[in-house]
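Have a look at the structure below before the remarks.
Letters A, B and C mark the chains as written, and numbering starts fresh at 1 in each.
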Amino acid sequence: MARSLVSISDLRDDEISHLVELSRIFFEVNSREIPKVPTLRGKTIATLFFENSTRTRLSFELAATRLAADVLTFTLSSSSVSKGESLRDTAETIESLGADLIVMRHFSAGSVQLVSSWLDIPLVNAGDGAHEHPTQALLDAVTIMDHFKTGKRLDGISVAIVGDVLHSRVARSNVQLLSRLGANVTLVGPPSLLPLDLSLWPVRISNCLEDVLPGCDVIYMLRIQSERFSESLMPSIGEFSRAFALNSERLEMASKGAIVMHPGPMIKGVEITAEAAESPRSLIRTQVRNGVGVRMAVLYWLLGANQGRLESIW
Amino acid sequence: MARSLVSISDLRDDEISHLVELSRIFFEVNSREIPKVPTLRGKTIATLFFENSTRTRLSFELAATRLAADVLTFTLSSSSVSKGESLRDTAETIESLGADLIVMRHFSAGSVQLVSSWLDIPLVNAGDGAHEHPTQALLDAVTIMDHFKTGKRLDGISVAIVGDVLHSRVARSNVQLLSRLGANVTLVGPPSLLPLDLSLWPVRISNCLEDVLPGCDVIYMLRIQSERFSESLMPSIGEFSRAFALNSERLEMASKGAIVMHPGPMIKGVEITAEAAESPRSLIRTQVRNGVGVRMAVLYWLLGANQGRLESIW
Amino acid sequence: MARSLVSISDLRDDEISHLVELSRIFFEVNSREIPKVPTLRGKTIATLFFENSTRTRLSFELAATRLAADVLTFTLSSSSVSKGESLRDTAETIESLGADLIVMRHFSAGSVQLVSSWLDIPLVNAGDGAHEHPTQALLDAVTIMDHFKTGKRLDGISVAIVGDVLHSRVARSNVQLLSRLGANVTLVGPPSLLPLDLSLWPVRISNCLEDVLPGCDVIYMLRIQSERFSESLMPSIGEFSRAFALNSERLEMASKGAIVMHPGPMIKGVEITAEAAESPRSLIRTQVRNGVGVRMAVLYWLLGANQGRLESIW
């Protein structure tokens, strides 16, 4: 069983630090006229996505391509799963075909951990149910560090994570990572969309966005999944938006230097208005851009680092 | 906002001429034992198709691959659009991921122009509603020029464009390009499938294919979309075929040197019979072949030309 | 019309021998740190699949990639077929785009042969209805040879092919190939799932798995397609499983050295239990692994062999 990245808790502090350093190296690679390095030439990286996510899948596949790896794309609709094959058989088949690493997204929390226990190759969790999405948290952390020039830490940075925390793997990974790096995290949302038992989470809680805005440096908006409203967790999209959507008016209440983030895809008009998303304070497009470099760092770290391939970057 | 190719009207005469020259260079590249050049190495070309079209998409992707670019494939079914993301956010995400150019097809006329106004990278219109499909017109023009050996012009060549002109983006782009190059274009079809106001189009009109055939050098058949019949634009497929389908009998009425073209996909037995499509006069397969070289020319022109990368072709 | 691989009967004995040798060369390539060779650089290989099969398609695409060929992926859902284009036009379009070889799977027996008669490029049959799947048989043969160290023959090896032989293209290709190589093949299944007229097949027949097990070296389980039960070919999945599924108890009845094979995807609990599939005697994952090398051999043989490109392997 190889080293995988399933959860932020898999990472030691020095490893987080190392991944931040590697990410910055790959940001520089991506700014080159020819943003490619032969670092993972001959490696095969498979993406195995049981949920649609072109955005995340292509970010990983572009990262693999820029490291000169080959890519195998498995998607649910075209896989043997519809013929009744088990998840284990699908995963073992991908390994037997010759994949050196699997990037996996699945609708069930814990599924990526389970698959990693069956295989001898590394897995990267690209989202498992409401559990974790560690590369999103890594790219968010580096984006905040680079904006506030806080080096490889986030000490003293106040982050509000706003919206449907209950169902958000992005929130779970970010709470862990950002607080370990020294940030103060506040979760903001209606009680029905916050986890019931938060006593062990290193966070503050608020049900009022307007209370939190003046004191935070980062306003991190989560996507609202419309299917939640039919689950009676909330009265209506309109009521949620009135209380928690980030609009220009609320953005004015935040401190001058506060930035806006969102993991995407956004539903503009629901959790965030177009004005807020496109304001000069928004780092949403920077998050997407940084995602490729951070994923290059993770793939390199899991596949190439042992083999002294880093010199190929220069 | 970078230079894009949305409409034939975006192109100056000297640029059309230059694209014809470039296309012929890439036809030569494609005839080599190893039909690849490193011209766009390190560039990332994204295809963003909101309508199914394997044929056109793969033509562009193969063109990109032969120029050594990397390809990101977005298709509707797998994109975040189903989660409610706006077209603008999808396009901006692709740009932020690192795409250097987007090849886009969309069911709405004008959508490619709109997206190009939001981004800083070039777009190529691979078909927007019933508006335009400029690379199809370019490949058709070069195919006719090369067949009739008319250099970089089409002076004196008579082209009949036959069938459902009303809904055809291929017709709109071809009418503009072929007439600018000197061809005489006649649109042929039942009145219900011709645009209502043609007074400003540089074309002649006919409702009788058999009248037009003896005088034309190119018989350009358009695809009939069966959904048009349910819109009451035509009595029935059978009646359309009886009057306007190209069959062997009608092909005999054309002048000896006349050629048959079709942008594909054909519905044989509806607008064209198998005999006509496969006759020695048919250049339909040449159109497909030339499409790859013409798209290499367009991608090179938008991405590589400023950077003096042409020497890498030899 | 180029040389294609549609059926095992297309191959002369010396060609089978040559493909076995080539496969072993590519197994060695695949064991390298960088398992890639420039052998088919500049060639374009298209996959045209009218049935879902990520496993087989990706095996071929990985094989192509490792030979440095470019890949064009056509799948049913995204193709022009839904617009009414004929199979012939689709195939000719792929050839005209510049494909040098097509790997095709189709639900109709004989369709790959038909397409190959229309084109000037080689086709590889990746499964046509209940007819043949020759690369599966080749990889199975090499897997058995390598396990029992029988060189390039299978003389004296007893193979039981068990289950739904009637609908299995894998069985049809394997019966031919394994028996030509000297193996003794026994088909095992309920009468309703065995072909009616087996008089010309070089096989023995049995309706009782337990009778056959003690005398065989290879227990080759076929996939049961659940739709067969609704066709009244069998009483129920449960009754089939009770009589023909390979489980630990039955595996004990086989000779000590007997191995377990399955072409995948498996429906564990139906034709094979997890215990049997994952036992140390199972070569199921080896089959998948060998598939890539065998397909590299076939692609190389059809595309590169005439051109003296083999030296590029070393």
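Miscellaneous remarks
Just so it is clear, a contact is a pair of C-beta atoms (placed from the backbone, for glycine too) under 8 Å apart; a residue touches a chain by one contact, two chains touch by 3 or more.
Just so we're clear, the structure is a prediction, and the values are computed from it rather than from any experiment.
Different-residue interface: chain B and chain C share under half of the residue numbers found at their contact. A rotation of 120 degrees, rounded to a multiple of 5, brings the CA atoms of chain A into register with those of chain B. Note on chain placement: the centre of chain B and the centre of chain C lie 40 Å apart, centres being C-alpha means. Multi-chain contact residues, meaning those touching two or more other chains, occur in chain C at positions 75, 77.
Those residues of chain B lying in contact with chain A across their complex are 41-42, 44, 70, 72, 74-75, 77-80, 82-86, 89-90, 92-93, 95-98.
Considering their complex, residues 30, 32-36, 52-55, 58-59, 61-62, 65-66, 75, 77, 223, 225-226, 264-268, 270, 277, 285-286, 288-289, 291-292 of chain A touch chain B.
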